[in-house]
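Please read through the structure below; I'll follow up with questions.
Chain naming follows the written order as A, B, C and D, and within any one chain the residues start at number 1.
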Amino acid sequence: MQDAAETQVARLGEPRFPSPLPARGFRCVDEAQRVLVHADTQDIAADIAAGRMPPSFELAGPRSSLYFPPTDVSAGIVTCGGLCPGLNDVIRGLVLTLWHHYGVRRILGFRYGYQGMSSNRQYPAMPLDPVAVANIHETGGTILGSSRGPQDVDDMVETLQRDRIDMLFVIGGDGSLRGAHGLARRLTERHVPISVVGIPKTIDNDIEWVVRSFGFSTAVEAAGAAIDGAHVEAKGALNGIGIVKLMGRHAGFIASHATLSNSDVNFCLVPEFPCQLEGPRGLFHALELRMSRRQHAVIAVAEGFGQDLLSDGSNTERDASGNVKLGDIGTYLRDRIGEHFRKLDVPVTIKYIDPSYLIRGIPANAMDSELCVVLAQHAVHAAMSGRTDVMMGWWHHRYTHVPIPMAVRGRRRLEPDSPVWQRVLETTGQADLLDFTTEASETEAALP
Amino acid sequence: MQDAAETQVARLGEPRFPSPLPARGFRCVDEAQRVLVHADTQDIAADIAAGRMPPSFELAGPRSSLYFPPTDVSAGIVTCGGLCPGLNDVIRGLVLTLWHHYGVRRILGFRYGYQGMSSNRQYPAMPLDPVAVANIHETGGTILGSSRGPQDVDDMVETLQRDRIDMLFVIGGDGSLRGAHGLARRLTERHVPISVVGIPKTIDNDIEWVVRSFGFSTAVEAAGAAIDGAHVEAKGALNGIGIVKLMGRHAGFIASHATLSNSDVNFCLVPEFPCQLEGPRGLFHALELRMSRRQHAVIAVAEGFGQDLLSDGSNTERDASGNVKLGDIGTYLRDRIGEHFRKLDVPVTIKYIDPSYLIRGIPANAMDSELCVVLAQHAVHAAMSGRTDVMMGWWHHRYTHVPIPMAVRGRRRLEPDSPVWQRVLETTGQADLLDFTTEASETEAALP
Amino acid sequence: MQDAAETQVARLGEPRFPSPLPARGFRCVDEAQRVLVHADTQDIAADIAAGRMPPSFELAGPRSSLYFPPTDVSAGIVTCGGLCPGLNDVIRGLVLTLWHHYGVRRILGFRYGYQGMSSNRQYPAMPLDPVAVANIHETGGTILGSSRGPQDVDDMVETLQRDRIDMLFVIGGDGSLRGAHGLARRLTERHVPISVVGIPKTIDNDIEWVVRSFGFSTAVEAAGAAIDGAHVEAKGALNGIGIVKLMGRHAGFIASHATLSNSDVNFCLVPEFPCQLEGPRGLFHALELRMSRRQHAVIAVAEGFGQDLLSDGSNTERDASGNVKLGDIGTYLRDRIGEHFRKLDVPVTIKYIDPSYLIRGIPANAMDSELCVVLAQHAVHAAMSGRTDVMMGWWHHRYTHVPIPMAVRGRRRLEPDSPVWQRVLETTGQADLLDFTTEASETEAALP
Amino acid sequence: MQDAAETQVARLGEPRFPSPLPARGFRCVDEAQRVLVHADTQDIAADIAAGRMPPSFELAGPRSSLYFPPTDVSAGIVTCGGLCPGLNDVIRGLVLTLWHHYGVRRILGFRYGYQGMSSNRQYPAMPLDPVAVANIHETGGTILGSSRGPQDVDDMVETLQRDRIDMLFVIGGDGSLRGAHGLARRLTERHVPISVVGIPKTIDNDIEWVVRSFGFSTAVEAAGAAIDGAHVEAKGALNGIGIVKLMGRHAGFIASHATLSNSDVNFCLVPEFPCQLEGPRGLFHALELRMSRRQHAVIAVAEGFGQDLLSDGSNTERDASGNVKLGDIGTYLRDRIGEHFRKLDVPVTIKYIDPSYLIRGIPANAMDSELCVVLAQHAVHAAMSGRTDVMMGWWHHRYTHVPIPMAVRGRRRLEPDSPVWQRVLETTGQADLLDFTTEASETEAALP
């Protein structure tokens, strides 16, 4: 449960400058407008009984009073971590809103993630204006480039100062937002009034307080095409088995929603719910039954599934982002299933598809494209008003300000009684064949 | 504002039969689980202060106790009104859930809307089973056919009785849901225990308490392709003007969201906000400015915009659904703009695009496809539990039961300070050029 | 029949400069390499019997000797007439080949068709280089803009001289190629050694000696989507009739190939083969039969079909390109069919789709994109070698040089025994219902 | 060079039955209509000089006289080898033409390739009619299933006799066509008058005398999407390298055409032209140069490239089709390139994409769909006329009859001076960096 304090957004100081927007006919957000964190009656019953307003988020949107003098501002933008559909839409939305709405004329794009904010960066920051971003949303990826991993915080503070940046927009996931929080905290400690605003980027859709992150719906759509391919291959061969590995390190949202939007998945395997390969309620036996009844099967497996099967638990190698390197569950399943049916002397044809790099780099679809624009517009409004250490959220049909510490306290995951997972069970019928156990809940390291 | 009584869902009687689902591992919804109607703090402040739970919706989902004996049920399905992406997905979802989850073996599809439920129907109802619906979601439209307009209520009651139907699923819009309500009321009056469950179908996305209706995101995506076409034509000619007429009889959601997801729209005109053609803050002058500055322009206009411009207000012709027949604002604008620039002796090239029939009939995209499946699953759960006169809603990240009278009391529309409209102004910059007035709020006829 | 003289390509003079390409490993075309105009044995039997090589085209491709000193050349590019998928691909291909292969550094794009080559042009020519064209192929239309209609020839000659152009690439259709021929002739008369090279642009695919023009396959693919929409609408209503108007002023290639690639068309109506509406072998009666048997129908009609039905023959209005303005056969058919069934008191639902502006402006598909690149490469090779008054052809699996006079002597059309038309009859079965008469063969005005 | 005898098509006997088609208005092909095998003047000069008609193919199309009594025929269909877009279109075209044009009412589909024609087949043949094939073209793959490898010829002959088949349509590649030839020969030897007609299936487009095989254009289009993904990933990382492995065991047509239609490929590697990895004109050095100049690179590699690099030449393992099993050049290149740059201490980010199973199973695009329909129509016409041991060809804008022995004598490959390969060099500029050697020409085993 959240308490009210946790939803409090940090500010650099009192807003002192009038916004140019009301004069042009735009309505500004009243600072009192908020939306509940929880809307399920059971979650708020105690507060109600006590006559106390339950915890709520500040609404995002333009403010009538600004902290920064609008035309005298320098803004920086950085994209971090893996590619995700919509990155260029966000960059473009930031630049156009800064330029056209607030008259900002100095906008710098840091190259290749936080690396471009370090003193030993390989490339200087890239000046951005409406011409530079005119058509970038038609192409996937990020024109700024990206990279994984943190940089020294003081080094980044000094880069921002050297580049005379007033507000920094960080488009990144869980790890990068932790980095943004560390940066914001150090800026405060060093009394440097730079606003740090995060735009949540997670193709896995596992950041808290964002009901659907940008790129996710595009990714689910594209995952469906891969599942179609697996299904056609599976049906085209006698005893065909199609395996599609989908993104999802910690959470099975892409695999689950792709399953729900595509009727061809028979087994949907996600990190949250391990299951056995062997035994009467294991995957092999379930596949045997499916083969004998229908002669083909399609498996959608999230990359984070079954890490326990792959290793003895001693795997501690990490990538530059600090994520534990995952074993390749897709080829593992392919090989083990093949071996199993060979032992049974049942000829099967297994086709394995890993479409990740075909999904991450496509342009955003219409829904995601709009989401990117709106997140970008609100991020600019937030920064101009002096908010800092804040992430843009989308919750209960409203765009919100979420303090970054609150956003990165945990990760969204499927729970056993989560409606999405229940519907996956309902749609695939896999509950009749497999026993799923639930992993212990992820315990995130406390924020420093 | 809603009061609690209005959210109360009608039931045919006490549930008496155990559901087969828990035994297969599915979690059922606790009847006490509800989600708030309003989550904005200002909307619920008075209730909170009074220590009173604000109005809330019942959650949708499987119930452990059923009103109907699951395997001894006959179900009917009817699709009404204009085409919308996803109709076949809903039909398929209903059939698969009835068949596989509850063992229902008698499912009838009424042909061509309510006409197929009348005694003088042209075609008998069509038996449906998993084979009949296997691949129908890959094609747009509805395999049942559709039609507009109501039928005699008693005649429909008698058809249902003759066809021995226990539960009727109505996939339709505002008008059809009113029809469904009339039918449910008459069934009650005549003590016929048939459940009537509505699945909201509105490509315009203007039904209340459904945050995004199925087919809407597909339509917005397709509208974007039409806007691209208009933009390319406009840029390809000296002083090119591209006009795209989009769906939206009463509400400009498609035009607005297509504008937000596509950066090429310069003027977005919607039914809710009339504006003048002539005068210094009228469309013609705005176009002149745009032409002289940028030499091309793209206009997205919702079909319901500017009906006052087209007529002397005496237009009362109605289509079979009882909707006032709209004048054709698209060709009207095309002709008037052409005339205007001819008078000015400025040569312009106008290209007019009406993509409606290219949008309504396409298959649902992944997001909509999932939405259709889930709405269908929940509609079946609701009917089995004995709910009636109820529509499936989607609200605050939950699927809900909305009493049909509450759902059809009004229509969703853009309000002047609606964030979506504000973002349209922000994105197009049209607020700088045009004066928008707000129409008086739509006053819907009270339900009979 | 062609004679050998007609296939002779004009040259500005003897090539004097060595090409830079052989040194970089490219094979050059031997001037003796030619490909037959006709490969059907019956067409060449007489020549064979006489021991005489039948008429043949010069192969396109790089030459080892150039007329122009490669690095000291100025090139001009102009796009004329209606939009067509691939225009930007051709522009880009020209620029990249000129720049990277021959070291040309001065490339000018004339704006808005031949209008941009007149002394009263509204915009100066636009400098082009690899950066300017980097991503233009991802967008439909033409970055240069286009317009219809000719300009004074001497005025254009003088513009070219003023702009110091050595070679002009004209991307345009029949009319524009006639213009290019007139220009080339005048240049010769005035002893101005400028090469004029045409790249055939016809979305209708009706230019001679080009087996498939760029944009055509993209257009057929997109037409299929419109037919799908019509089919879904037709099936979704009782007695539904879907009508799709497709491009094709003089030739029904788009309608025919869209019919062959899409199984849903029941009647394919093209300019070459008029048929009656009334009478026992007319369209109305055929529709009645179809309605009574299948309750829905899809009609694909080319815009040039049935012009005799629309007018008393006195229609002589012409557009800026000099084309006779076509009456709108689509809305005419819609209205007449509606009227017919109203008289019969058979309720039908007619949906009319005109997708033209949604097709012309889309980006080229992969096949067309490659075709554009190759035509552009070969056009540059031809110009560098001093060819003029020449169009790039594609014939018998070879890229060729076609003298423009030969190319514009007639237009490609479907003939009654053309295999494509026979297959349309075979696929739709419409020959069983309709009587088609053949129009007298088009007699094109002789070239001036 | 071909001689006339080789182009002679085998027939089961004299046609004796009148075709029903002329009475319905279809024009039949005159048996004298032929099209040249070679249309390049240099290839036919000797024949011309001798006053001798050069070799030519018989035209495909309906014949006025049939060998089989049309309504008393049983037809069989089999699909063999790997999946390819359009298989279902061909099956559908065969069934519809047999049924609607010739009144054939007994059509059997053999399941899972030649395996379904053996006495120990797992599934009986599947009856096909217009209802069974109504929408199958909207889905990729083959409803009949497929498999690799031959079966005993006599066993297949006996199956055909037991199933009372008069004509067999084999949709398959090089290997399957050899099988069809063997079958046709054995049928002749055993005096069994069954017609064997081949429809060439090769996603690699490497069958002779078919200028573009069905599925190829769809595959090139889809390959472009994979290359886009690789390009976006490569540009999104500092020193990013994207590698896409494309289909093409013996011939690099997919890789080459995908390169020509997509401007992002820097290195296109095909089986026909080996090159070194090491050395001053090897791939590693070329990549180093590219990295230092542009910081990213995209490599398209056909699966058959570089097999010499992978093995010591002793690899003789074969798959069920008898093809030598290829080593995985994609992962090999990925690993070797990674290793190379690690040694140089240059950090690179390599993304490897293998989209094969996402390409083979998609539905055919419009061009391919039409091609499938026409090949199917012509295959039926050929069989009805009593042709056997014949494959449908597409050559010089005509559909032709190609004797299977002539078709399988060799394979189409890129030659060093093939225009397509020259254009690949021209487009990528790779000739400036790499030395390509040509493999010895493939020597196909003579047909038994």
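By our rule, contacts are C-beta pairs under 8 Å (C-beta built on N, C-alpha and C of every residue); 3 or more make two chains touch, one makes a residue touch a chain.
Keep in mind that this is a model prediction, so the values were computed, not measured.
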Label of the chain whose CA centroid is most distant from the centroid of chain C: A
Where chain A and chain B are represented by their mean Cα positions, the distance between them in whole Å: 29
Chain centre separation in whole Å, for chain D relative to chain A (CA means): 42
Chain centre separation (chain A, chain C; CA means) in Å: 47
Chain B residues counted as touching two or more neighbouring chains: 139
Chain contact graph, described as a line, ring, star, complete graph or other shape: complete
Contact set on chain A toward chain D in their complex: 83, 111-112, 115, 122, 139-142, 145-147, 225-226, 228-233, 235-238, 242, 351-355, 357-362
Residues on chain B engaged by chain A in the complex (per definition of touch): 24-27, 32-36, 39-42, 44-45, 47-53, 56, 61, 92, 97, 100-101, 137, 211, 217, 220-221, 223-224, 257-258, 260-263, 365-367, 369-370, 373-374, 377, 396-399, 416-417, 419, 422-423, 425-427, 429, 431-432
Residue numbers on chain D that touch chain B, as the complex places them: 135, 138-139
